[in-house]
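Across the two complexes that follow, chain A remains constant while its partner is chain B and subsequently chain C.
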Partner chain A sequence: MNQAQSFTLDGADVPYRPGQTIIQAALAAGRYIPHLCYHPEFKPHGSCKLCTVKVDGRDMAACTTPAAPGIAVESDTQEINDQRRMLVQMLFVEGNHFCPSCEQSGNCMLQAVAYDLGVMSPRFSHLYPSRPVDASHPEILLDFDRCILCELCIRASAEVDRKSVFALSGRGITKRLIVNAASGRLADTNLAASDKATQVCPVGVILRKGGAFAVPIGKRKYDLKPISARALEDAPRPPGARHG
Partner chain B sequence: MPNDTLPEPGVDDALNRNRRDPARLVQILREVQTQYGYISPAALTHIAGAVGLPRARVEGVAGFYSFLHTRPAGRYRVLFSDNITDRMQGSGRLFDYFCSKLWLERGKTSEDGLIRADLTSCTGLCDQGPALLVNGFAIPRLTEERLDAIIDLIRARIPVPAWPHEHFEITENVRRKDILLDHALQPGDAIRAAIARGPRAGLETASNERSWREAVLSAPQGPVATLEEIKRSNLRGRGGAGFTTGLKWEACRSALGQMRYVVCNADEGEPGTFKDRVLLTRYADLVIEGMTVCAYVIGAARGFIYLRGEYRHLLDPLEEVLEARRNAYLLGHGIMGQPGLDFDIEIHVGAGAYICGEESALIESLEGRRGVPRNRPPYPVTHGYLQQPTIVNNVETFCAAALIAIHGGEWYRGFGTAKSAGTKLLSVSGDCARPGVYEYPFGVTIRDVLEDCGAVDTQAVQVSGPSGVCLDETEFGRRIAFEDVPTAGSFMVFNRQRDMFEVARNFSHFFAHESCGFCTPCRVGTTLLRNCMDKLHAGHGSQHDLTEIVDIARVLQATSHCGLGHTACNPLFDTLKKFRPSYERRLSSLAFSPAFDLDGALAAARQMTGRDDAGAHLQPEAAEGAGR
Partner chain C sequence: MTFDLETAANPQGLRRVAIDPVSRVEGHGKVTLLLDADDRVHQVRLHIVEFRGFEKFIQGRPYWEVPVMVQRLCGICPVSHHLAASKAMDQIVGARKVTPTADKIRRLMHFGQILQSHALHFFHLCSPDLLFGFDSDVAKRNIVGVAQAHPDIAKRGVLLRKYGQEVIRMTAGKRVHGTGSVPGGVNKSLAESERAALLKDVYQMIAWSRDAVRLVKELFEKNLAFYEAFGRFRANSLCLVRGDGAMDLYHGGLRARDADGKTLFDHVEYSTYWDYLLEDVKPWSYMKFPFLRSLGPDEGWYRVGPLARVAGCDFIPTPLADRERQDFLAYDGGNAAGATLGYHWARMIEMLHAAEGIKDLLHDDDITGSELMTRGERAGRGIGMIEAPRGTLIHHYRVNEDDQVVRANLIVSTTHNNQAMNEAIRQVARQYLDGKKLTEGLLNHIEVAIRCFDPCLSCATHALGRMPLAVELVDADGRVVDELARGGDE
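Now for the complex of A and B:
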């Protein structure tokens, strides 16, 4: 491994290996930067913009910006967290997120990030899109109302499952997730419940039928620890490094 | 998945014309769309199988572009240009006239499947509006009489290609010529000059042995010497960002790759811009000459012209120019007898997406995908078309490069200002007597342009389109130049009768319609901004909405993925600062006011119960306010 190269994050040194992005280096060093569309197992594409930080004063997405020696990264500032709160509010009003009746509640990254950032209200008028549920598949349910268009399922299905079950259509605010079938129904795709694509949705779109309340509310992933702590536990570490 | 309907017979022709190449997917879809009025589910399935892509990916590409439909959208698809200049020329009234005569609802296909009418972003005919597109072909100068004629043609079910030619006559309105528009070059002059530069200039052998051009013994240093002239000229890109062309070409030339590509950005989507249309109509040889010089300099064998769908009427004439140049050995193998000097150009036609003017989105579209801007770095100069080194330049930039190849960089620098070499084409429209294309040396003042175009009583000028800057009369002494008021060419004039709030509202609709939707801030933020503006327009706004606009705009500026999102709030910032009274006039109260008018919703109940006393109103003050 290369000799320690480092940059600063909110004033403190963060070591990195060449090739790492800012967010990878930060998470590996036990430093949380809020994110939604970034997933350690996939190539980052930088669409949610929650991870936006200031790099030497310039706004950059931490998940796509390579770490570089000596850069000064600001993340946990009032201004940047205000921006993040607004981005989260945008995502909430764009879809239909009724958390109390959502079976993903407690396991949902959007909800967890909102709590962690202290988002207290949706702020904007809801857009109330009409996005019908697809319950055609015997094992998997799609509740499009909650899709935040992070493209993780698309990436997982194409890159890991080699199936391309999911894709995007539409443009701008009409952009939406579609499935790979002329009928438009999930049952007519070759999705299997064991596919990676069924395991990556950060919110409550791709749901396993029948397993909704196996873990009761109150005992779920982000009920026990805030996402800022959980994300660090889940981050890949250099071999030998300790978690926590 | 089995499908009981077969694809239309023409689908295979479209596939074959495009070599079943997935990179040509947008072209395939566009051709099927043209032939059948929409792309049927069976056609999508068939195309996906033929080009070897998942069906959903093909459907997703079709769903991205405004001019592609996956449901029947009428035999006649009529799109009224909805730029603010069209509005000022009465397009709103004409659209209503058209719809009411044909019993149409906006965006809904008529029950007999004959026709669908909707609005579209600026079609680049601002100097001869209002304009529309029918099945992709542009019709300028709309009047009620012209619409009556169109309605008759539609009712008689005459196919668009058989409509009287006069409806489609587009004029160039060139009003002021300078070194570019007044050039006296013959096709081939610039290429000949570039080749001739080598031996005379006596430069050392190029440091870049990777470029196969250096193997052409008769002109070993021509590319380098020409590049030096481009660099010496200080030419900067005319498409908006203003990057130094010489440095771009040099970076592309020295980038590692198997192939290099030259792309002419003829997407010209910025509302109020139409100078590239004029260049492609009257000066196509100069554009192509510039592309060929670029190919010679960087060592490219293939080029593309990405022509916006709105300029479909230019496709056939441009193909003819390309063919004539092939016949004259100005394109193809061994151009001008130079062994190894091979270069040819294909035209790709867009399908209604402003974002495809952004260079990396343009390349995505060229590769047959949704026009979503890429993450940068890497930039197109090193990783462009098919991940190979690629030059993307504006139409006008290539024209200037051709002039420089002949006359040299020193000559070119003699025009314009110290920091902005050469001339700039402006597309002037709006409230003026002589709209059209004006070429000026950089440094011309706003006031001089206003005088030349016959603008009187001017309140404001929007320079460089909605993503540019709105100038009020205190700023008319400022200059068109990179160091003062940079511009991609749009110059829209507003007189004192115009409501600058409505101008900004029109622009907010434009950005919401054109956001590609990739990133959260732009996808949702442009819609929230549009909704705020509509709320103000409806008289339901409050001071709170004005601060909300500023807050949303800041987040867009800071966190958006590309220039569209970064600049989408410019018109709102500018008009809020410079024309604030036009906003405040509309506020129903100075504090918070809900988007939903509760009291208004009770009106029906009041009518039914015959009550109108104070108890039947929720907010007596607001009710009075609404009546104003």
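Now for the complex of A and C:
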């Protein structure tokens, strides 16, 4: 059975296929819901909470909540966007996100989401973590201070690469990304530069050595279109559906 | 060894006058004077409270981040830091010679920087002093006053700067703090549409730059004795020159001359600069005092920047600027070329050279080429040197095998000019302040001398005539006995 079923998102009908989550259906229908830890190629994770929407009045993560017939979903509201802005502002102060000198600037989801939500300045006191860069690997460099704990690299390494190079350690505010080697050094893992884990970081933690700043300003991913438009282009579509 | 007026023999009981802040964009500067009961000057010091944190916090960062990060040292001449760091990192990635397109795009970017920075410095920051007088009505001594009294001059200043910024935007990606230059080359060349847009106005920029040179010359002619004597001092000079002795603001060998023009060393490969330059430390300043090693700290200090370059090169490789250089050097028997205010004249000659240089590069097809990057054998040390708008700039890095910066040393133009600026303000203090009751206009004479060297010391708020300035007279016990204040926001 593949009959068109639908729910409403901010008052508009959104069709879905059984098994789709709210965010999958929304993106496929050309409607953007802000997110960071969600990636169309991986199972829902529900950790960043940026895709939180109201489903019939209750706060739910759009990436983990299955679409259901007739539900009323609210996303683009003042209240929800205020909460999203606060979440993004907290992520910015938990790490060292120095966009002016970061090679991921213009290609970074955190930066792009912040722009899209209208975050124009810091709001909270910076924590200024100080975790040494791991530059031991010949092809990949890790800048841990930019991690937003989305676990995409962990999931990619485990589920696609079958290696488990990355993991989280600690709890609460001390939680951090680590490398799965006795020495703690990336060079002592079996990570390869071609691994999926090196391709999914939404921010500037996992960096390929030697290719920084190769794309000029004006041609970087989010220079051309805001993330709300790019995410729709990147979303998987049902056969025959048109992008945009 | 200390210099005359650097340290008072008996400071006890003298009044201390501080000009604090002498505004600057990056950091903080102040001037202190010690005066006796008869207002005689016993000590004058320019303190630059520069925070050189960059050298520390880039340690551990990947080398490719450095050209983008270090340009945040400055909002006026970021391109100079961007390019000096890139040249150093070229050596790290083994790019002994970048491609013609990369070389010319970088040179174009640098000419844009020289043009915009010199225009900003002369028109926005300094022309009010020169057009109205150093102690003229402070309410009008600003760029708004210039726009009212001399609208054509103000407009040209704004548009010259804007043009330079456009050159930077098209080569670096942004008007301020772009990413165009990368280790081993550049990340973009010029599109034909960009080239056409810049060509449309370049001849106007050349004409206006030429007029600016003549404006400074007229200012000298009107008040020659004063202009030549103001803050005058004898000094060695240092600059980069091309292999044939031509002015080259992007690359060359080091040339030093003494106050009489005698060559001390020439065409020195700058990657061995420490064999020729050393830095001295004084207990009263955070900024070091570089000097020529062969002459020692007492005799070896020098000046850098437009005056050192225009007087130090054998010729300027663009015809209009070279004609003006010859005129400048010959003017009044060569006396103008030794004047501290001669910096402005030399600066406008360089602006003309930059405009001509932009024109020449825009007619060179290499700027639209596609060969942007090159690499070679990896190295652990990189040294980049460039002539920034205010003078010679040195970037020196060590990078480990994991691609992380482990050591950095930056010697910026202001540091090279440290002793020279101190000499200039001591001369001004002797000439105009000694024995007189201080006024805002007299204190501005000190700032005028500083502004000859470095626009960072007369920040944007000054451009609007509202530089916050507080002068306190403090007795030996630290009590404020008199004060003079000029607000920043009224």
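Keep this in mind: the second predicted complex is superposed on the first by the 243 of 244 C-alpha atoms of A that agree within 3 Å, B and C clash if a C-alpha of one lies under 4 Å from a C-alpha of the other, contacts with A are read in each partner's own complex, and residues count from 1 in each chain.
In the analysis below, a contact is a pair of C-beta atoms (placed from the backbone, for glycine too) under 8 Å apart; a residue touches a chain by one contact, two chains touch by 3 or more.
Worth saying up front: this structure is predicted, and the values here are computed from it rather than measured.
In the superposition on chain A, contact of A:P236 is made with neither chain B nor chain C. Of the two partner chains placed by the overlay, only chain B lies in contact with A:R171; chain C stays clear of it.
Within the superposed three-chain model, A:S47 lies in touch with chain B and out of touch with chain C [touch as defined at top]. Looking at the shared chain after the overlay, A:L91 reaches chain B, while chain C stays out of its contact range.
In the superposed model, A:L207 lies in contact with chain C only, and not with chain B.
In the superposition on chain A, contact of A:G19 is made with neither chain B nor chain C. When the two complexes are overlaid on their common chain A, residue A:S136 makes contact with chain C while staying clear of chain B.
Contact residues on chain B toward chain A in their complex (touch as defined above): 1, 3, 41-42, 44-45, 54-57, 59-60, 62-66, 353, 370, 375, 512-521, 523-528, 531, 548, 551-552, 554-555, 558-561, 595-596. Those residues of chain A that touch chain B in the shared complex are 45-50, 52, 59, 61, 64, 83, 86-87, 90-91, 93-94, 124-125, 127, 148-149, 164-175, 178-183, 188. Chain contact summary for the complex, chain A toward chain C: residues 100-103, 132-133, 135-136, 141, 207, 209-210, 212-218. The touching residues of chain C, when paired with chain A in their complex, are 60-62, 64-65, 67-69, 72, 172-174, 177-180, 182, 187-188, 402-404.
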